[in-house]
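By written order: A, B, C and D. Residues from 1 in each chain.
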Amino acid sequence: MTWDEGLHRGAQVVADIPATGRELTYLEAIRDALRFELRRDPNVLLMGEDIGIYGGAFKVTQGLIEEFGEARVIDTPMAELAMIYAAIGMSFQGFRPVVEMQFADFISTGFDAIVQFAATNHYRWGQPVPITIRAPGAGGLRAGPFHSQSNEAWFVHTPGLKVVAPATPADARGLLLSAIRDPNPVIYYETKYLYRSLKGPVPEDDVTVPIGEAALRRAGEELSIIAYGAMVGEALAVANQLDAEGHSVEVLDLRTLKPLDEAAILATARRTGKVLIVHEANRTCGVGAEVAALIAAGAFEHLDGPITRVAGPDTPVPYSPPLEDAHRPAAPAILEAARDLLAY
Amino acid sequence: MELHPDLLIRAHYYMRLARALDDRGTFLHKQSKIVGGYFSQIGHEAISVAAGLALGPDDVAAPMHRDLGTYLVRGLHPRRILAQYLGRSTGVSLGRDANLHGMGDLSLGLIGFISHLPASTGVIAGVAHAFKLRGEPRVAMCFFGDGSASQGLAHEALNWASVFQLPMVAICENNQFAYSTPLSRQMNIANIADRAAAYGIPGVIVDGNDFCAVYQATCAAVERARAGGGPTLIECKTMRMRGHAIHDNQAYVPKALLEEWATRDPLARLEATLRARGLLDDDALAALHARIERELDDAQAFAEASPYPEPGTVRDGVYA
Amino acid sequence: MTWDEGLHRGAQVVADIPATGRELTYLEAIRDALRFELRRDPNVLLMGEDIGIYGGAFKVTQGLIEEFGEARVIDTPMAELAMIYAAIGMSFQGFRPVVEMQFADFISTGFDAIVQFAATNHYRWGQPVPITIRAPGAGGLRAGPFHSQSNEAWFVHTPGLKVVAPATPADARGLLLSAIRDPNPVIYYETKYLYRSLKGPVPEDDVTVPIGEAALRRAGEELSIIAYGAMVGEALAVANQLDAEGHSVEVLDLRTLKPLDEAAILATARRTGKVLIVHEANRTCGVGAEVAALIAAGAFEHLDGPITRVAGPDTPVPYSPPLEDAHRPAAPAILEAARDLLAY
Amino acid sequence: MELHPDLLIRAHYYMRLARALDDRGTFLHKQSKIVGGYFSQIGHEAISVAAGLALGPDDVAAPMHRDLGTYLVRGLHPRRILAQYLGRSTGVSLGRDANLHGMGDLSLGLIGFISHLPASTGVIAGVAHAFKLRGEPRVAMCFFGDGSASQGLAHEALNWASVFQLPMVAICENNQFAYSTPLSRQMNIANIADRAAAYGIPGVIVDGNDFCAVYQATCAAVERARAGGGPTLIECKTMRMRGHAIHDNQAYVPKALLEEWATRDPLARLEATLRARGLLDDDALAALHARIERELDDAQAFAEASPYPEPGTVRDGVYA
C-alpha cells in the first residue's frame, strides 16, 4: 500500500516530497522523526514504558537508547499519570519530552495531567508546556477493547491541547517534528494499523508538516470524503473505485484534529456540496460531529445533500474478527454511504 | 502445618491444568487460531491456584492476566476459556473481549479483567466494602503485579481498604518484570510487602513458587479478613518464565535468572511434595496428563466448533 | 426564576407535574431524590468527600447522614479513582451507589474507572454497573477554571455511559430517580448555578423522568433553540423576548445528553427549519456538535438556515467577572445569534 | 543549632506578612471585593515560610493553597497577589485563574497551583528530574496535604522521585483535616512520613508550628537532595485554624482541638523566640506591623486601581 501519491493540500497541490528516493514505513518515519529531533535538539528526550532497551511495545524507539543513552531515552515506572506530570515538570526546565503511551488506550490513566494541568497552564500563568504525547491508537489488529481505542475526541474537546493524526509516513514524520517543536502540549495519534502496512516517500531533511493544515489527497467535483488516520487509505480506495465508475470524488485528510483546518474543510464542502466524514472513533461527539457542525454552519448554502458520517459504532472495539470487521469503517461501508450521497 | 492430601491433589490438578491450558493456548496461537495477543502465566501457577483455593465459594476474586489458575479453581470451564481465546460467541465475553480480558462471571465469584492495571485493586476494594456493609462473612481478593504496584490506584485502593477495614486480600505477584522493565526501574525498595506499613495493614512475603507457602499465607489472610481483621497485602516472589506476551522473547532477561528460576518451578515442586508424601507416582501423573489432555481436547473441540459472533450483533450488549 | 412552566415533551405536551403545590429549589430537588431513593431501596447508598457530617460542599446531602447513618452516607478518603472503582465493586454486590464528585471538574481524576471499567463492563462480560456519578458542573459562579467545568462531552463520546443534565427542579429529581434505578453507569450533571437560583414545582411521589427523552419547553414555528442545563433558562428568556417582538421560537431542553433524543431533535429541526444550539461547554466537539451533526444528516431537507451554535469559547472558564461573563453564553449572545438566524 | 538572627528576622517578616495578607484577603472577601472562594492559610505560616527559606534562588517550589508564605518568600509581590484575588489584569494569572490557583512564575521558581491535588507532587518530580538530567545542583520542592496523600498521584510521584533518585523535597502539611474529613477517614496510620519507607527514602516528622524545626528539617533535606542524596518526605504536623475555605465555619472541628492549637500558634512562637533572643521588642513589632500594613495598603491600592481584563480578550492566552 503506497497510496500516498499526488499529495495535495487545501485547494492547491502542495509541494511534492523532495525526491530523495527514500521510502519508509509509517513506523520507521516516526522513529526517524524521533531520531532527527534527538540529534537536532539536546533538550528533546523520550519517556515511556519499555521504550529503552526493549525499543517499545511496537519497536518504534528501537535503537534510540543505544544512540542517545538512558538519560535521553528514559524507561519509566508503569505510572502514566506521574509520567505525564514529570514531562510537564521537565518542560518547565527547557526540555521537550516526548512521552510514549504504550497504547493510546492508557492515556486515560494520565488524563488529569493532560486535561487539567498541561492544557490549562499557558492560559493560567503564561508558561508553555511543550510536551508531545505519542498515542498509538485505533484498531484493525484484533487487539480488543483496550488496545484499539480511538479516543482523540476527549482531547479535541479540551482547550489548550493540539491533536494530530497523520495518515502517511511523510506526515507521520513531518507532524512529529512539528509537535515536538510546538510550544503547546500536542497529542500525537499514531495509527498502529499503518505501522508496517504503509510505506511511502519520506524526506530526509528538516521538512515539517505544519500543525493545523489539512491535505487534499485527491481533488474531485461531486463528493468530499473527509477522513484521518487509517481511514484516509480507505477513503482513497473508495474514491478510486468511484473514479473507475465515472465519479469524481475529493478526499481531504484532516491530519490535524485540533485545531481543525476549518478553511480546508469548508472549501471542500463548498466545492462539492456533498460531504462524507469517516473515522474509526466512536460516532457520537467524535471529530466527525465537529466537522459536520462546522460545515452545517459555514457551508450551508453550498450543501447538496445531508452531511453523512461513517464512524465506529458507539461500542468498545470488539476482539473477535467478524465483530471487529463489522465495527471498523472500511471501504465497503464507506462506498455504500458515498453511493447514497452521490445518488442524492 | 501439613496440608491435607486431598487439597494437594486438587491443587496439583489445577496447576497442571493451568499449565497445560497455557501450552494449549500457545499452540493455538502458533497455529494462528488465536489472533492478537496472548499472555503466558507459566511460573505463576502456585500463586493463582493457591490463592484461589484459599477462597470460599461465596468469596470474590479479581485475577489478572497471569492467573489462569484462579479462573479454573473457581470453576470457569476451559471450554469457555478457549472459546474466549478463539473469539467465539461461546467465550466468556461472547467474542467481545480479548484473551484473558473480560473473563468475569459473578456466579463464579470472578471479576473480569481490564487492561488498565491495577483496576482489580479498586474494584475489589468495592466488593469488600459491600461485604463489610452487609456484614457478610465474605472475602474479596485482588491480584496485581510489581509493575502495577507503581500505579496510583494500588495506593488508593489499599488505603481505602484499610481506612474502612475491609475484608480484602491483595496478592502482589512480584515476577520481577513489568513487560521489559525490571524491579529496579519500578521501585527503590526490596519488598513490595513493606508498603503494607504505609496503610497500617499486615504485609506478608511469601515464596510464590511454593504452593504450600502461598496457600498458608493466603488462608491466614482470608481468615483474618473474614473475621473482621481487615485487609492484608501478600507479596508472592516469583518469576515470569515467558516473555511479557507471546511476541516477546524476553531477550532482556538474564539467562541465568531464568535458569535459576527454572529449578524452582512451582509445579515440579508441588509434584516433589506429592511424591514425597506418597500422593503421586509416575502412573498417577501419566493418568493426570491424559485426563487433562482429554479435557483440553474437548474444550478445544468445543471452541473450534463454536460459531463466531454474528457481525450483525456488533452494536449489541453495550447497555444493560 | 420559576420558568419551568408549561412542561412539554416531544411534539406533545407532557403530563403536567401533579399539583402538590410543593416548590423546591433545584438543590432541594436533588436532595429530595436522594432521600426518596435511600428510603425506597436499601441498596442505595451515597459516597463522596465531605458528604456526611458536613453535608457536602454544596450541602446537597445535608441531613442525610443523620437519617440514614454512615453506612449509607459514606464520607470517603480524597481519592476519586478508588471511589468510583469502589462504587463499581459495590454495584457488583447489589448496591446502587451514588457517588458525589465535589465538583464535576474532579471527575477527570476518576476517569479511568468510568471510561475504561464502568463503561465497558456490561459489554464485555454482561455484568451491569448500576452506579450514578453526581457531577456538579458548569459556571457562572466566579469559581475559575477548576470549579466551573462543563466536561460532559468526554462521557457523551464514550460508549456504555449515560449522561443526563437536568434544567429544572422537577427534572433534577425525576432524572436522578431514573439514574439511580438505571442498570447502567449514569453521569448526572447538576448545574451549580441553578442550585439555589431556581425554584419550581416538584412532585412528591415516585415520578421519574425517563432517561433519553428531551422536553419541549416552548413550542414555536420559526426557530428552535436546543439547550440543556442553565442554558435552558437563558434560551427561554430569549424566546420570551423574541415572542414579545412577534417571533415564534421553540425551546428544546435535551435533559439527557447520552443517549440523545434524536427523534425530538429532528422533530424540532424539521418543524422550524432553523436551529440554534446553546451550551456552556467548550464548543469544539461538544454536545452541540453532535446535535448539529444529527440534524445536518437527518433533517437536511427541512433546514432553512445554517445550524448555529452558541457555546463556551474553547478556553478554560476564566475567573475574573468580566471574563467569565464574556465566556458564558447568556441571553444577549443567544439573542443575537437567534436574530441572525431569524433574519436569514 | 541556633539559627542566625537575620534569618529569624526575615522569617518573622514573612510570617507576619503572610498572616496579614491572609487577613487582608478575608477582609476584602467580606467586602465582596473578592468573589468566589477564598482560602485561609492561618496556622501554616511556619511551614510555608521555613520551607521557602530553605530553598536557594535557583530552586523551584510548587506550593499549594495554604502556602502564601512560600510565594512571598520567593518574591511574588503582594501587589500581584491581591490583584489576582481581585481578578484584575495585573494579577499573576491576568484575571484568568482564581484565588491562589495559577500563581506561577518560573522567574521566581514558582509553579502555579491547580485544584487537582496533589498535582504539585507530579510536576515537581519532573522539575527535579530535569535538574538531575542536567546535573544542576538545584532542588525542587512540593507541598501537599494530608487529604492529598490519599491520592494515587502522591504515591506515583514519590516512587518516581525515588526510582530516579531525584533532588526533590516533598512537604506534607498534615493539618489534620481535608475539608471536613479528619485524618481517621483519610488513613489508618499515625504518621504520613512513615510512608517514606514505601519508597526507600527518608521520612521526617516535624512540628509544623515551630519555624526553627521546619527550617532545619527542610534545610537538611534540601542539602541532601542537592548533594545527590535523593528525595525526602517531610511531614509537618499542624492544624488548619480556619475553615476549609471562607464559607466554612468548621463546626465539625472540636473546639478543644482549635483551642489547643491556638496555644501553639507558629507566629506567636517565633515571636517568643525572637524576644527571648533579644531580637524583638514591642517597638520593633509595632514598626513591623506598620510596615506590613503600608505594604498591603499599597498592594491593595494597586490591585483596586488595576483594570479588569477586557471582555474582548476572553479567547486569548490558551496557546503559546
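In the analysis below, a residue touches a chain if its C-beta (ideal position, glycine included) is under 8 Å from a C-beta of that chain, and two chains touch if they have at least 3 such contacts.
As the structure is a computational prediction, the values presented were derived from the model and not from experiment.
Novice: With one step meaning two chains touch, work out the least steps from chain B to chain D.
Specialist: 1
Novice: Work out the mean Cα position per chain and let me know which chain is farthest from chain D.
Specialist: Following the centroid criterion, the farthest chain would be B.
Novice: Whole-Å distance, chain B centre to chain C centre, using C-alpha means?
Specialist: 41
Novice: Distance between chain C and chain D based on Cα centroids, please, to the nearest Å.
Specialist: Inter-chain centre distance comes to 37 Å.
Novice: Using CA atom averages as chain centres, what separation in Å is found between chain A and chain C?
Specialist: 32
Novice: Please output the residue numbers of chain D that touch at least 2 other chains, ranges allowed.
Specialist: Counting only residues that touch two or more other chains, chain D contributes 93, 96-97, 101-102, 114-116, 150-153, 156, 159, 163, 185-187, 317-318.
Novice: Please output the residue numbers of chain A that touch at least 2 other chains, ranges allowed.
Specialist: As it turns out, chain A has residues touching two or more other chains at 76-77, 79, 81-82, 105, 108-109, 112, 116, 120, 123-124, 145-146, 159-160, 313-316.
Novice: Is the chain-to-chain touch network here best called a line, a ring, a star, complete, or other?
Specialist: Drawn as a graph, the chains make a fully connected set, so complete.
Novice: Under the touch definition given earlier, write down the residues of chain D that touch chain C in their complex.
Specialist: For chain D paired with chain C, touching residues are 35-37, 87-89, 93, 95-99, 101-102, 114-117, 147-148, 150-152, 178-181, 185-187, 252, 308-315, 317-318.
Novice: Under the touch definition given earlier, write down the residues of chain D that touch chain A in their complex.
Specialist: 60, 92-94, 96-97, 101-106, 111-112, 114-116, 119, 121-131, 133-134, 140, 152-153, 156-157, 159-160, 163, 317-320
Novice: Which positions of chain A touch chain C when the two form their complex?
Specialist: My answer: residues 105, 108-109, 111-112, 115-116, 119-120, 123-124, 145-146, 153-154, 156-160, 258, 260, 281-282, 284-290, 292-293, 295-298, 300-301, 303, 305-309, 313-316.
Novice: Tell me, which parts of chain D touch chain B in their complex?
Specialist: That would be residues 150-156, 159, 162-163, 165, 184-189, 194-195, 197-201 of chain D.
Novice: Okay, in this complex, where on chain C does chain B touch?
Specialist: 45, 71, 76-77, 79, 81-95, 112-113, 116-117, 120-130, 159-160, 162, 183-184
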